[in-house]
Amino acid sequence: MFVLVNLKAYPADPVDVAEAAATVADESGVDIAVAPQAADIGRVTETGAAVWAQHVSPVEHGSHTGSTLAESVAANGAVGTLVNHSERRLKLADIDASLDAADRADLETVVCANNPDQIAAAAALGPDAVAVEPPELIGTGTPVSQADPDIVEDAVAAAESVDPSVDVYCGAGISSGEDLVAARELGADGVLLASGVAKADDPKAALEDLVSEL
Amino acid sequence: MFVLVNLKAYPADPVDVAEAAATVADESGVDIAVAPQAADIGRVTETGAAVWAQHVSPVEHGSHTGSTLAESVAANGAVGTLVNHSERRLKLADIDASLDAADRADLETVVCANNPDQIAAAAALGPDAVAVEPPELIGTGTPVSQADPDIVEDAVAAAESVDPSVDVYCGAGISSGEDLVAARELGADGVLLASGVAKADDPKAALEDLVSEL
Amino acid sequence: MFVLVNLKAYPADPVDVAEAAATVADESGVDIAVAPQAADIGRVTETGAAVWAQHVSPVEHGSHTGSTLAESVAANGAVGTLVNHSERRLKLADIDASLDAADRADLETVVCANNPDQIAAAAALGPDAVAVEPPELIGTGTPVSQADPDIVEDAVAAAESVDPSVDVYCGAGISSGEDLVAARELGADGVLLASGVAKADDPKAALEDLVSEL
Amino acid sequence: MFVLVNLKAYPADPVDVAEAAATVADESGVDIAVAPQAADIGRVTETGAAVWAQHVSPVEHGSHTGSTLAESVAANGAVGTLVNHSERRLKLADIDASLDAADRADLETVVCANNPDQIAAAAALGPDAVAVEPPELIGTGTPVSQADPDIVEDAVAAAESVDPSVDVYCGAGISSGEDLVAARELGADGVLLASGVAKADDPKAALEDLVSEL
């Protein structure tokens, strides 16, 4: 199981969360990554944690002010990137171009989507993984595996039917070890989570709980 | 073969082009539709031509100022709508929601996309049809069937692999009867065109030439 | 006082509301306009009501699929347009270009904005009018003139300091004759309203009440 | 005169350009800053150069994936930010909110705009400075001070009329010491430039030439 902790624009110290992620990954053997603000990628990478970007722009080198160049996040230490997160939705053609940009910079990719049809669409673009995050569950604390298990199974089936090599992650409402196991049992290869760790009083304890049942 | 004439924001009189389309459709038995500006849909419908919207918003009835409500274009006579045209690209989730909106209003749908991967993604969202329009050919006068026949065949195969019930149209550079036949031979079920008819001195003659080889 | 009734994407029959507006405008002598969906402009104009667009695109004639061309809404009967409504926010450069487009098509213009600073910015672009609509009051039924009278007076002062020829309208929460008089006393030259009329059981009665105190 | 070198998404090594900027600023006494990709801000700051962001998002701390949080760029060393660059245009309300975000993070601000009307609008929002960059001159190598000196003088007058405390910078086509002096003579308090330094074979020599006439 892959665990990606999205730090969004939270006030949490990204270095603290990354240190916790690096420690728990090391102790548990679980693959855990953190996705900080672009400007924090360099110093977060120094913790030894696996670092992902939250977004990359659908562009190549050139005249693109205020872009997030895939080559630039990679040069500062990122090894992967979210694409089309529900808080940073992209045009279809731009998802495609962002995946091309990530490929050029050797970044792993996860394309987020709301429902099984969109998961199939995302899988057709050839990312490494897709993540299903029903918008109505984001930030609710109710895990998708519990509120709507069918959507996870349907997403797994939808991705499989289009391209069996694409992993499927599960987002929205994941916070406990039990949620992680439930996601795995529904066919997910990983989870995305955010506030459950990034807003926890003790991110290390939250991550330890999360991987405790694997 | 289905022929959709996109009037864009061209200065052409939309009623003139629609009358030509209605006449040629009647004479030739070919299914020809025109897509005018939203504000022109009502008076263009009065010509008897089949009328499509150029776009509908991914919304339901509600507080959406400046939207193009699917129910509203349908109430004024439209029977179909383009979605995600290269000049009106949408977010993936909004393509999905626009298709839902069109369904509620009983509009036929064609989702446009740039390349076979995006065609597969579009087909996964369940439209009536998809249209492949390589951006580098739009407005060039060079038909895609001639400049890059592989992209049409690959688009047909990509849509087929995802959902065989989805038709595939071919856009970009179509203007003659020969282009139309070439598109059909590559597997296309229809064509999108714009300036070739809408900017022609004699739109009726242009349409007659277009369907002459069928 | 100018009264603009924004029909948004509401389910109300736009022709019914427009007939009510035409009748009440005629009886009261108050300048009342309605802003329907673009596709409804033609048939709403036939009621004799003054018709506005909800939005125009920042473009000229050309290859712009899914745009709302100012020339097209004008050709179907619109005499004015909202610009930058809070439900259809535009980039600064696009507000400027939309005003140019409206000028070319002889449309009156009202640029909406949230607060006095933005009102000053909008006034600097040379529209016929600006409208202040604090986002936190939209749809609340609480008139801005009551909830936050200072913001209306500050907006009037802000527009005056930049360009005294620009009228100032007041939106958000207006529904009664009392609200209209309060807006006028704060210096507003008109009001924008929506649900108070468009969702009323009897739009004509709602409009009669609205203008009753003038 | 203030000189801001925008590194855009150019392939240039941002640390090399920043070192050149730091050296030339030190030798000449001219205030020179560089604006790298967000992910590069930390390591560019270590050169001792003054560092600006190319963009900040119109948000506060919270659930905003893929945003560029003002607090985050400041925490990594940025002291200012561009807002509404022509390659990253913002909605009017978002320019306002981005300025608020920059204020909270103690970042200096420059709002870019195309023409004197938009400069007045930008100045009304209370930034530290505005920058006029006629889109038709960007990347041409023709300095605005030479191609269209009136636009610079009109921009200075427009900003002055709205808020005399707002500085005015001049962008587009600046590359030589002569251009810089011409801009100053037209009333500009600084210049924005990009390719003239960032794509120069020798950025240090380019900067030395730029400030040589002051």
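Labels A, B, C and D are assigned to the chains in the order they are written; within every chain, residues are numbered from 1.
Just so we're on the same page, a residue touches a chain if its C-beta (ideal position, glycine included) is under 8 Å from a C-beta of that chain, and two chains touch if they have at least 3 such contacts.
Predicted, not measured: the structure shown is a model, and the values here were computed from it.
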Please decide if copies chain A and chain B contact each other with the same set of residue positions, more than half shared, or with different positions, and reply same or different.
same
So which of A-B, A-D or B-C matches C-D, with over half of the contact pairs the same residue numbers?
A-B
Rounded to a whole Å, what is the gap between the Cα centroids of chain B and chain D?
43
Separation of chain A from chain B, taking each centre as the mean of its C-alpha atoms, in whole Å:
36
Separation of the C-alpha centres, chain A versus chain D, in whole Å, is 33
By the touch definition above, chain C meets two or more other chains at residues 86
Any two chains that touch count here, so list every such pair.
A-B, A-D, B-C, C-D
Write out the stretch or stretches of chain C touching chain B in their complex.
6, 8-11, 35, 37-43, 53-55, 57, 59-69, 72-73, 75-76, 78, 82, 85-88, 138-139, 194-195
So in the complex, the part of chain A that touches chain B is made up of which residues?
84, 86, 89-96, 113-115, 117-118, 120-126, 158, 162
